[in-house]
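Following are the structures in question.
Heads up, the next two complexes both have subunit A, just with different partners, subunit B and then subunit C.
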Partner chain A sequence: MVQSKKQRYLFLSFCLLPTFIVFCIFTVYPMLGGLYYSFFDWSGTSSVKEFIGFDNYKQLLRDSVIPKAILNDYFFVFVKVLGIMILSLFFAVALTQLRIKEAPFYRIVFFFPNIMSVVVIGILWQFIYDPNIGIVNSLLNAIGLEQWAKPWLGDMTWALPSIAIPAIWAGIGLFMLLLMGGITNISKSLYEAAEIDGASEWQQFWKITVPLIWPQIKTSIIYIVITSLNGSFVLVQVMTGGGPGNATEVLGSYLYQRAFEDFKFGYGAAIGVLILVISLLTVIILQFVLKKEKVEY
Partner chain B sequence: MKGTVYKKSWLFLLATLLLLVLAACSDNTATPDDTETDPESTSTDEEAGGISGELEIQYFVGGYGDTWWKTVIEDFKKAYPDVEVIEHSGPDINTEMNTRWISNDPPDVVYIDGNGSNETQMISDGQLMDISEWAKGITLEDGTPLLDSFISPVEELDGGKIYSLPLVFDTWGVWYDGNWFEEQGWEAPSDFDSWLASMKQIKEDTGIAPFNTTGQYPQYFQRGVLYPAFGAAGGEELLNNLSNGVVEAWESDEALEVMKKVEAIVDAGLVDTGFAAYSHTQSQMNFLLHKNAYIPVGFWLPNEMINDTPEGFEYSFVPTPMNDAGEPMALVPDIRPVAIAQEADNPEAAKAFLEFIFTEKYAQKFAESTGAIMNLKNVDLSSNNNVPAFLKGINEMINNPGAIQIYERSTPTDTKEQEINVEMTNEIKLQIVEILMGRIDAEEFVERITNKAKELRGV
Partner chain C sequence: MIRALSRLAVRIPLLIWSFIVVFPLIWMFIGAFKTNAEIFASPWALPQKFNFHNFIAAWTDYNIGSAFLNSLFVTLLGTLLCLAFSIPTAYALERLRFKGSEILLNTYLASMMIPSVLGWIPLFFLLLKLNLLDNLWALSLIYAVSHIPFTIFILISFMGNVPKELEEAATIDGMSPYGILFKIVTPLVKSGIITASILNAISFWNEYFMALILLQQESKNTLGVAMDLLKTNAQYESAWGVLFAGLCIAVIPVIIFYTIFQRYIVKGMTEGAIK
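Our next item is the complex of A and B:
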């Protein structure tokens, strides 16, 4: 039976309708709600709110914490993309191509942080960094590097990198599995042919592995960027609360402070809109930067 | 046949569900309608002095626990058997009940404490009932007017309006382990010089940094050290002007003197270097483990850390000794109030409940179960064996004028002033971390805060 184009569209629309409705209720509506509230002076705890137009946005431009928070957000994006991609790619290649007997065990070990709550991870690493009882300073003291021991999370310079390390640690497992899936789908004959042609392991990696798992790499990078811009908040909030001073403040933690501690919900909503705009712009730019022809051999 | 039975059971189930829904709806709508449209029954109730109906109470459960609330509510139920009390409580209750407040359907009574609650904001949003007339008429068992019986007086706004009753008298001070001090032969300080000397001595004897606080919540230092210091240096006026961002106050000699004292503590290396990263519980844990000797916290500390307190640890409290030698020690109360919602469904029951809790009996029970003081004067805790020793001492001091000086901190009622207060607090919190880390000195601290005050006031 030949289906008309119209019938096909109708059928597809009917199938997509429930998802579309759910998406509108749980994603579009709250987003529009956030945008709406950003035009009000509202504490977020009562029905009294005053329309103030773009005042919250004007205040965003004058707020000295905002540029710092944006920079910190991008710091997380940069180090997480770099750290997670390099390490997960390394472990994915090692566990698929080196024929390690304990590979299944390592897969579980590396994936383990992904099933832990971010709050638990934050608290765990707080103990690791504790200047008095933490393992980092204890190790440094034990090997005679006392001068390097410091209050990691309480140091203006080191607090941000100190949070980035658990953020990378917690992210490796998931992307390692994603890349492993891509690598195991590559035909062995390609590597055999390359080997016969005299290609080194390094050349095989760059000329066969990377191009053929590029879709997975691209998806991973975009995913890491989005989760970094929106998700660094929890780890920051648990480990330093944005401090010391504003040294580790990200837009999410600043939004939380303004909306729920200072009772400036309207201003918090404006920060939320800013996060949305920044995330969208970043992803659009990334799509262009990472655009690459699909490779097939 | 089978199909018909099946169909019938479905019909029966549907009909039952429909009936249940109707019954539930009619029940809900009937109650307020009855109250509104049947004036006779209401007046009969009032004539009889009967308090009935539902009474919803929202209370935050934090460091003080909920034992006191449970006891009080049980006793209230016995005294008012026609009142059905509905409790909304927990550590996140302010967030959980937020939607009720936003939709103008709040509980009747609210205890304002914990994250997500702010009395000033609630008053400015018109969420709390003006209880001035009623409150002025309440007397205690001995006939004393309630308003004359508070340690920290009720705050009257807009020319005498009362929106809340001050229930909990908490205050910040510094804590130390009395047993440890006795073992080591250290003495509790009574002024800034003796405090500095004590901390230097402790550092010399043990090698630890004697002072710790939480850098994640710098308001602990702000309220626990700076407020009493400002009070001691320039009285109530300076304290309020500084926290409200009055430029001249920040340019005063007293403000700089206070910050010089903070600088002296930092310069002597007496602050735990890890403080900036610590949450309040981490810093308190380190204090309990003798990693530090002094910590500024409110009365709730022993109750909050009850499960982590090492054996032999004796909680000992002293008003933060930032005062000069020979001057009285300063206390700045941190009051936790109770109030009635403007949109309360049962204000009469709410008033009966508030009147019920302000008695010596419940003040005693409060001290027993929370380790803090209820805001009532002349409550004799000395013979109550269930009250911790530190609380008896401080209660005696509070009720004995002259031993210490109490400075009240008032919050501005004007919306713009409130906003300045919030921004000033944020700036002070930021600069507290900077000065305690030794990144700025007293002059820079004062300069930065003064500049912020000027910016906020457009000077």
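Our next item is the complex of A and C:
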């Protein structure tokens, strides 16, 4: 028995320890380190790290780019949640409930942008918006709307929405699949019963489909919010680098510039902590807003 | 449902969205065969003739070839390492109840909520200290570790379906726990392993920011970083066709890979792995 207990511990450590060790080194340590570094003034090159307490955070409060970046982050969150959820819900319903023969084709094609690298998407859409060789302007010219043509990504007003469009473009497929999974699991008899009771298609959608896939909808929204707050900067960094001016700056791109371009690593770390606080707060608030009794039929 | 909107009417938005998805890709593909003059003359026109000049230039003169191989390396190694770490841990967390298993699982899952941006700066200096910057082995390890929680999450739901009786029978037959894990459970969760690995491989292939921060020499660049560099050079040299060709080289392998294996992704989602 003692022997077997020892063996069990050995087996458990074999299963758990290596993973736990690398996880601590490459995930836990960097995250705690981010917190720690935010209290220092450090250019990275010098060996001197000066402890400055909350000075980086005080500077954050005075930095005029920060509120702009937070607003832009929330702009992406809002537009992506709205655009991605409406479109993927529509496509998911269309592809599962209407018995369209070529549904597998759409399912595969709509997912293509999800497997593309954000850099590639960013560069491709930079071209699409290019004032000289891009398709947006040449399309506008072709249909006689020359006056609407503009350097989209160089325009203070239009740059931000112009980045949001590829962000939505790249997001649809994944959430469509997720919602399709939910809809496929709904029992057909519910719709048949509703039909007998004389419920319209629209009522069936709101009274049966939406409540029954609410868990998937909720998961999708939270997932979009998290990935948006933590990842929108990649597209921004590739497409505009935060410009023109700071028109498209988000917290992540600002962190990258301050830390890895201006070598203000302590300040960059403080921005990282700010991103963490904002995304956790947002998710907690969302959990409350989206809370809804689980429906069982 | 929604028969009121006839199927025909629903096909219109579906067709429009397919067009919006596919058209930029076709445009990119055609652009890869055009000369600069042709690109400026009309963004719509087909090239005069399809030659592979741009592809060759991108592959050799702009280092996309070596970046392609580097990406292949980190993708394969990262995916394998991630499995090596995640399979035993997922098994232990799902099947061997022990004190703290819940806490450990929740720690892994909770870490998925924390923005990786927060860790960039310490990670950079950690690798600098360990002399592992600019090292593709280290980058693969970091990719693998970053996807351990997600992979555990997927594998656990598949392992839950493996009948306990099989393990009990094997124990009675005198099989060691290691044997049960690798000879019985691992083969039975093959489709979970494939699902997780496809998703992992696609994200490692596409990763950009970690590579940008942690790699320095041009010869070590992965595709994401090399594409960004190619874009900058193409702007100076107006080598637009070459840039389109580079984009194709980065995208076509994943599209083929995905089209072959897409049923696993769909399966993973509909069977409730990502709920």
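Just a few scattered comments:
Here is the rule we use: the second predicted complex is superposed on the first by the 268 of 297 C-alpha atoms of A that agree within 3 Å, B and C clash if a C-alpha of one lies under 4 Å from a C-alpha of the other, contacts with A are read in each partner's own complex, and residues count from 1 in each chain.
Rule of thumb we're sticking to: a contact is a pair of C-beta atoms (placed from the backbone, for glycine too) under 8 Å apart; a residue touches a chain by one contact, two chains touch by 3 or more.
No experiment lies behind these values; they were computed from the predicted model shown.
Subunit B and subunit C, once both complexes are superposed via subunit A, clash. When both complexes are overlaid on chain A, the residue A:116 reaches subunit C alone and has no touch with subunit B. In the superposed model, A:159 makes contact with subunit B only, not with subunit C.
In the superposed model, A:260 makes contact with both subunit B and subunit C. Once chain A of one complex is fitted onto chain A of the other, the partner contacts of A:129 are limited to subunit B, with no touch recorded for subunit C. When the two complexes are overlaid on their common chain A, residue A:97 makes contact with subunit C while staying clear of subunit B. By the touch criterion defined above, A:26 lies against subunit C but remains apart from subunit B after alignment on the C-alpha atoms of chain A.
Of the two partner chains placed by the overlay, subunit B and subunit C both lie in contact with A:44. Judged by the touch definition given at the top, the superposed model places A:219 against subunit C, while subunit B stays out of reach. Subunit A is touched at more residues by one of its partners, and among subunit B and subunit C that partner is C.
By the touch criterion defined above, A:269 lies against subunit C but remains apart from subunit B after alignment on the C-alpha atoms of chain A.
Counting contacts by the rule stated earlier, residues 44, 126, 132, 260 of subunit A appear in both its interface with subunit B and its interface with subunit C. Interface residues of subunit B facing subunit A in the complex, by the touch rule stated above, are 95, 98, 101-104, 115-116, 118, 121-122, 125-127, 215-218, 272-279, 282, 286, 291, 422, 426, 430, 433-434, 437, 439.
Contacts from subunit A toward subunit B in the complex involve residues 43-48, 126, 129-132, 150-156, 159, 239-241, 243-246, 260-264.
Residue ranges of subunit C in contact with subunit A, taken from their complex: 1-5, 7, 10-11, 13-14, 17-18, 20-25, 27-28, 31, 39-40, 42-44, 85-86, 88-89, 91-93, 96, 98, 104, 108, 111, 113-126, 141-142, 144-146, 148, 177-178, 181, 202, 205-209, 213, 223-224, 227-228, 231, 240, 243-244, 247, 250-251, 254-255, 258-259, 262, 265-266, 269-272, 274-275. The part of subunit A that touches subunit C in the complex is made up of residues 7-8, 11-12, 14-16, 18-20, 22-23, 25-37, 44, 87, 90-91, 93-95, 97-100, 106-113, 115-120, 123-128, 132-135, 138, 169, 172, 177-178, 180-181, 184-185, 191, 200-202, 204-205, 209, 215-216, 219, 226, 229-230, 233-234, 237-238, 252, 255-256, 259-260, 265, 268-269, 272-273, 275-276, 279-280, 283.
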